[in-house]
Amino acid sequence: MKPMDNKAVIDILKSVRSGKLSLEKAVAKLSMCYDGLEFANVDVGRGLRTGISEVLFCEGKRRDQVVTIAKSILKRNGRLLATRAEQVVFEALSEAVPRARYNEIARVITVNPHPRRVRRRIAVVSAGTSDMAVAEEAATTAEFLGNPVDRIYDVGVAGIHRLFGRLDLLKRANVIVVVAGMEGALASVVGGLVGGPVIGVPTSVGYGASFGGIASLLTMLNSCAPGVTVVNIDNGFGAGVAAALINKKRK
Amino acid sequence: MKPMDNKAVIDILKSVRSGKLSLEKAVAKLSMCYDGLEFANVDVGRGLRTGISEVLFCEGKRRDQVVTIAKSILKRNGRLLATRAEQVVFEALSEAVPRARYNEIARVITVNPHPRRVRRRIAVVSAGTSDMAVAEEAATTAEFLGNPVDRIYDVGVAGIHRLFGRLDLLKRANVIVVVAGMEGALASVVGGLVGGPVIGVPTSVGYGASFGGIASLLTMLNSCAPGVTVVNIDNGFGAGVAAALINKKRK
Amino acid sequence: MKPMDNKAVIDILKSVRSGKLSLEKAVAKLSMCYDGLEFANVDVGRGLRTGISEVLFCEGKRRDQVVTIAKSILKRNGRLLATRAEQVVFEALSEAVPRARYNEIARVITVNPHPRRVRRRIAVVSAGTSDMAVAEEAATTAEFLGNPVDRIYDVGVAGIHRLFGRLDLLKRANVIVVVAGMEGALASVVGGLVGGPVIGVPTSVGYGASFGGIASLLTMLNSCAPGVTVVNIDNGFGAGVAAALINKKRK
Amino acid sequence: MKPMDNKAVIDILKSVRSGKLSLEKAVAKLSMCYDGLEFANVDVGRGLRTGISEVLFCEGKRRDQVVTIAKSILKRNGRLLATRAEQVVFEALSEAVPRARYNEIARVITVNPHPRRVRRRIAVVSAGTSDMAVAEEAATTAEFLGNPVDRIYDVGVAGIHRLFGRLDLLKRANVIVVVAGMEGALASVVGGLVGGPVIGVPTSVGYGASFGGIASLLTMLNSCAPGVTVVNIDNGFGAGVAAALINKKRK
Amino acid sequence: MKPMDNKAVIDILKSVRSGKLSLEKAVAKLSMCYDGLEFANVDVGRGLRTGISEVLFCEGKRRDQVVTIAKSILKRNGRLLATRAEQVVFEALSEAVPRARYNEIARVITVNPHPRRVRRRIAVVSAGTSDMAVAEEAATTAEFLGNPVDRIYDVGVAGIHRLFGRLDLLKRANVIVVVAGMEGALASVVGGLVGGPVIGVPTSVGYGASFGGIASLLTMLNSCAPGVTVVNIDNGFGAGVAAALINKKRK
Amino acid sequence: MKPMDNKAVIDILKSVRSGKLSLEKAVAKLSMCYDGLEFANVDVGRGLRTGISEVLFCEGKRRDQVVTIAKSILKRNGRLLATRAEQVVFEALSEAVPRARYNEIARVITVNPHPRRVRRRIAVVSAGTSDMAVAEEAATTAEFLGNPVDRIYDVGVAGIHRLFGRLDLLKRANVIVVVAGMEGALASVVGGLVGGPVIGVPTSVGYGASFGGIASLLTMLNSCAPGVTVVNIDNGFGAGVAAALINKKRK
Amino acid sequence: MKPMDNKAVIDILKSVRSGKLSLEKAVAKLSMCYDGLEFANVDVGRGLRTGISEVLFCEGKRRDQVVTIAKSILKRNGRLLATRAEQVVFEALSEAVPRARYNEIARVITVNPHPRRVRRRIAVVSAGTSDMAVAEEAATTAEFLGNPVDRIYDVGVAGIHRLFGRLDLLKRANVIVVVAGMEGALASVVGGLVGGPVIGVPTSVGYGASFGGIASLLTMLNSCAPGVTVVNIDNGFGAGVAAALINKKRK
Amino acid sequence: MKPMDNKAVIDILKSVRSGKLSLEKAVAKLSMCYDGLEFANVDVGRGLRTGISEVLFCEGKRRDQVVTIAKSILKRNGRLLATRAEQVVFEALSEAVPRARYNEIARVITVNPHPRRVRRRIAVVSAGTSDMAVAEEAATTAEFLGNPVDRIYDVGVAGIHRLFGRLDLLKRANVIVVVAGMEGALASVVGGLVGGPVIGVPTSVGYGASFGGIASLLTMLNSCAPGVTVVNIDNGFGAGVAAALINKKRK
């Protein structure tokens, strides 16, 4: 949407130009339609740049609701990223939208992802096999937004040698997402090995004193490797978006 | 330090080449000197790229210890960033190192900062005047590492209009650090307004149910604006490093 | 109920007047029937003014229990507000009480709500679509108690411009209820924009470090906008009552 | 500040009227000066109505800083409310501003309070003598903002009869602030006795499992008396402002 | 079991008396059979006095396990108290033990309770109808152990007058058990009104910031009425035993 | 104070008898002087029975305040129990009241304690030497209220045999107070050995994961020995009062 | 796997010896294949010594996944330890692997356990019958790894005499694992009685303020008996491995 | 103390042998003198084996108290280990006991440590320089108890290569103590590299979300490397004792 599409503001300005509206009344009216101005701004600024306006969080929504909203997003944007979608939700959606694709592990549905935008790569690293669902959510999100992604899975610190065997992939990455539950120590180790930005995603994998991911969250927040930042527990989607924002072409 | 400087490894290889050392023994010896290899790697990889090896955390150290370590770092690197330094610590240091500079609010000492490396700008935004110490720690750290920084202070959400008056600065930034105590809502608002990476720094400013920064930390971790990542409470230094890592020249 | 309706006390006083009862015994008896005195007081004071005695909390009660209690309340008061009522509970009740009305989103049943009592308006603002159940509980409660309510939904801080487009509704409100989960920042933003009382309702919407609403609760308690008060997590009913108490006609 | 004082906006509109500025450019320019519009709005809307712009939080500020800021506020507004001010801070200020008044228990300084604005009364109730500092902060704040206040102190639930002896004061109040530490049960008891809005202020008074006020905070949030809302621990100021907002003259 | 029944010890002593066993070896052997001595002691000391050895906690046990253990206890003691027993568990048991009685609300099964042992009465007070299950568990336990119990239910502090109407029952009690969820304020109010021991039982009744009973627990621990002691959340059984121990005949 | 001493109520009743006061007005007047009725009640019921009205909590009070309040209590009651009193407070008080006695470890001042009221004994048991301050507060409080007390100190579970050597003292006690910090296991062990009421007092003794007494508090609340009740962390005074209430002569 | 099996490293060294590879390039290549070196090391060092590489955590895996992984482990190692396996999982596995054995209480499957390796014994002690599942997980794990195990169950501190009857078993153990929920006091008592290493396993058995095992965990961490170490809540497997590592033959 | 020294038991047995005491009375008497038996047992069993009876915890004790207790321990045992001792405490003690030695960093005083008992080595590993105080407490404790100790300090995971350079020391250790604050990830990494028992000691080093050591504690409890056990935060002493117990000569 271009600035000139904001009809309400244009009408006010036209009335000012034609002398129908006093300056004082114009100021008052303008303060009431900021919404429109800002909406245009956001649409151009955030939505188009990051594709976030195309995201549908499926958890807690009924199948028919998901299909309706998905179709509405597709009509407006031509693309769709739907997260936390169960198999049955995908099946319902794929009837209406046959070209929808489903990542079963990540529980993510995509339609018409963005074409490759950048050459720089994002690495998604995970500690254990149980962290893979969150890792895949991050990876699929970043790929949907047009980024090439390298997956480095099951390299937790209990067998730190496994990580060293993948140092080449880690070092060619422009941004690294580290996904880990239980004690979450992997983010610090990776942050200490490489020179780029590291985003930690604690997961709720674990039991007892893992307290649903708190242990891993605190570990990452207290990382002794500076440069590590953290997102919410199990928030693979958020990490994928943050990695894409960091990775995108700069001004 | 170049790979060829790693004497122990070279010696082993020379012995292998000359036939003095069997292959089997060489393998065993090599597994013992990984430290050297890795140390070289880190020096080239992380230290030089981020300047982190030049940092001195002063809290809990005696004045004379700080001066000794600072001089050692300066001898090795030629630069110094010292955080959490009280006025008296600076005074002791500046006797030995007259060109040392002190940011009183940030409690940061710098010697010979990195020259400007990039044109892209980092914005540091803070909610209240009490958050300024942490904000300045982030800003000074990023500047030391060669980044141009814009400061946007005292724009908390209780008077959200103040933020809107600085939108131009926000929008030209390549990375934004948001520093906020109490309820920490500023990170979400900024994350919703701009299209680049946002790093939230919760501060311990507040009382009662702010629980020393937990309230602000949780707010930022739960941000409904995707793309916001978080560092530890009061960790301005870590946010400055993370912002510099994101902002640096890409491959 | 007027003071003269308190039969037990009147009887004691009559016996004193007629000389049948000694002063000493009268004092002892009176101290035993304070309940009656106080009950009368409460009935006139609280119950009639707020309609709270007509409320039935359905969660954890069986269908037949709800119907029995509901009929008893209706017989005594002629009105009913039943909260946390599932669809099946409503169906059972509407057989016995055909004029019962059901708000499916709020899970609230009403019978014969209070007629409009005041002209001043209450605004109920919510951050995301998932917060709507709690917002509707607040709105329906306030309406049942005779207040006109404006609903302003889905205006969370990740897209703060949406809120600005509804400033007129916000500003004409006498009391504002702000319902938000995840990071709950909306209460502070609204509190900073308007000049009236704001009641924050944190919701349990979110995951991971939202800790079932704690994140949002702490955010609202630490609001930097003075004048914001808070109720329990998901307590839309309590917020509706508090708003109605503030909004009612003054002495 | 009246709308017509917003020079930047007026200049844009004048250029539009004279034809010097195209409509498209005018829209873009207007989106940049929202700050001015909004600032005017806030000044008229919030500041004037509540007097919050005249408040100075002294904790963590040096004596000379307090005096400088206080004089600046007094020059702009003609009034001042300074909270969390130690005796020495008051002494420093009263040299510069002789008409400053000090409430030693509340640690609050006032200069030229608002004249009485309303006849409706606010009651401030406290549980124990140790809660009096917070209670006085609430009372003094409400009085500064032009409200008549009744103090009902030391009526905690361990001797509930003391409260009943003051029922007349409670019942004539339009808003009630209840201040209590330890188990904080007083808010529920008061909320069950009266028919108006009750604001609970948990205090950090207590030891052991009071956890610095958490016990009292949770008690008040879980109050079984609907209509009770809560502010942060020890936040007497916030409760005073909220009570004043509720008590003020309605549209 | 009488001391003389402890065969192992008697055998050792007999061997000492007959000169078959040296003193040194006897000491060593005796230190190995303390179990028997102590077991006898406990049986006489604790088990007989409190009947605790007859208690069966059913939660987490299968129906057939409950029946087997119950029959074993009945054979040994002639009495049975089984707590946390679902309806189906009772049905299974009553086939085998027709004289078993079931308190459906308390989920307690009793067989052949102790006859009335004391004249002094225990009062069990509860705040809301949802607290009744825990209150009944306490009451039934105390009754099983031979105590007369007065039930005073649904007298929470939101309508404190209801409590005053039952002061006579409260005052004739020798021990009072107060059961309350949500904010748990009732224990303090009762503790302030009477002069005997008060045992608080926080319940998990509530939602949001009641945190499964923590709010109520903290309230009771911080009670400003000295003499109030507390048991675990929902632990009606423990409170019933403690009340019985206090109420029993003294030496 | 006997019921007939309540002058206000008697006056009302006299006016009714003489016909000077209508029944309606009498009812209203009576509801206003409940305070008096209740105050008398409390005086007879609680204050006289437990001596709690004679207690002065010194923490956070200035020396001169303590002396003033102490003298006022002594004038009214003839006795005094002052807890949490530092040495300097005692010195100031003993100048004014020479017969004051000081327990340095308990930090408790007593004047004219109650004479021995009962023959039944209270045992105060403590785990480590650091718990002795709290144990002495409990013991001194119980003694002030007229109870004979046996002290059994330094018998923590790390050397459980020490406890067994004192079983005779434990078994002759009518009530047992168990004071323990760190892991607080002693309360369960004692509760399993004896057949009477046990009151646990967790202390803040410990470090790290003792969290200022939370570890010990949770241990005692979860005691597997039924009949154990708990008071707040470090609340020796409360335990002493509760023990005295249990130990006193029964109806 | 012996060092000479590491083909990649050997190839590099051969190339160096033959002069085909320069020293500089050899250093670079070697830093890339550390993985191989380390992997070999771990295989010899950890896997063979502890059998940990043969463990399969079944929780959260589908039946067919368990069977597939189990067969792969068996092919490689010839042995299998599978924890947290439900009955149906065992049934599926035993079809494919008839010699599989199942411990129903521990929910552990074993195939071809290690033969007895040491004569020294491990004792596994548990407090209540509900702790038996975790205790059996520890015992079965230790037995699988070739250790003789003594089980001492149901000896919680509420009846401490039961423990004393088993002192002989406790004292002949080389390592003791103590499993306890609720208040977890047993670990301290055992740690105070014996002179060897004690490993505490808190369990999630309990309700209310046991907070899913936190109470027991804190108790054990604060044990006043030095020498007690702790593992995660319900982590019987971890305790079994730790006990086996302590018990194994020393260099 | 040998069993025959237990006079009370011997006297009872003598009376039995001589026929002066009936068997029944002997049983009763014996149950009263368990203390003596057990005391002897503990002295021989625990104290002599571990030297724990010689430990003096100085924190919270006055200088003269420390000297008195220290002299008493030295008279009885001839050795002393005093932890948490400030410099001034050492100075006071060394006047009375000139051969006392002081480890300033560990704040530990030793007198006449146990001679070397075993050849097997204990390694103490620490993450950062700030963790050194706790690490030294562990090392000094283990050395006092007669163990050879290797110190491997400042090898935190932010520069994991430093750890690899010390693998030889790690691998020759029989037990490893890992001391780490902040995120505490080092314990997992070490646990994954070696095949022996690892004891984790979380420290309170850190700020913000390290919560005084909770972050590190949770990390270690959730370690994905089985075989890691944990002690309380900052409990270097406990780790030293546990390591010594594991390291000592086996039966």
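As written, the chains take the letters A, B, C, D, E, F, G and H, and residue 1 is the first residue of each chain.
The definition used in the following text is that contacts are C-beta pairs under 8 Å (C-beta built on N, C-alpha and C of every residue); 3 or more make two chains touch, one makes a residue touch a chain.
A quick note: this is a predicted structure, and the numbers were derived from the prediction, not measured.
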Checklist outcome for this item: Contacts shared by chain A with chain D include exactly B, C
Next on the checklist: Which option, A-D, F-H or A-B, should count as the same interface as D-F once over half of the contact pairs match?
Outcome noted: F-H
Checklist entry - What chain lies farthest away from chain B once each centre is taken as the mean of the Cα atoms? => result E
Next on the checklist: Nearest whole angstrom, what separates the Cα centre of chain D from the Cα centre of chain G?
Outcome noted: 59
Item to check | chain A and chain C: spacing of chain centres that average the CA atoms, whole Å | outcome: 39
Checklist entry - Counting in whole Å, what is the centre-to-centre distance of chain B and chain C, each centre being its mean C-alpha position? => result 50
Item to check | Numbers and ranges of chain E residues touching at least 2 other chains | outcome: 31, 34, 37-38, 41-42, 159-160, 192-193, 208-210, 214, 217, 221-222, 232-233
Checklist outcome for this item: One finds touching chains in the pairs A-B, A-C, A-D, A-G, A-H, B-C, B-D, B-G, B-H, C-D, C-E, C-F, D-E, D-F, E-F, E-G, E-H, F-G, F-H, G-H
Checklist entry - Which chain H residues qualify as touching chain F in the complex? => result 32, 34-36, 38-39, 41-42, 60, 202, 204, 212-214, 217, 232-235
Checklist entry - Along chain F, where are the residues that touch chain C in the complex? => result 3-4, 6, 9-10, 13-14, 16-17, 19, 23-24, 26-28, 30-31, 34, 37, 41
Item to check | chain B - residues contacting chain A, complex | outcome: 42, 45-46, 49-50, 52, 55, 120, 171-172, 174, 192-197, 199, 217, 221-222, 226-233, 237-239, 241-242, 245-246, 250-251
Checklist entry - If you look only at chain D, which of its residues touch chain F in the complex? => result 130, 159-162, 164-165, 167-168, 207-210
Checklist entry - Which bits of chain A are touching chain H when the two form their complex? => result 127-128, 156-160, 182-185, 188-189, 191-193, 206, 208-211, 214-216, 218-225
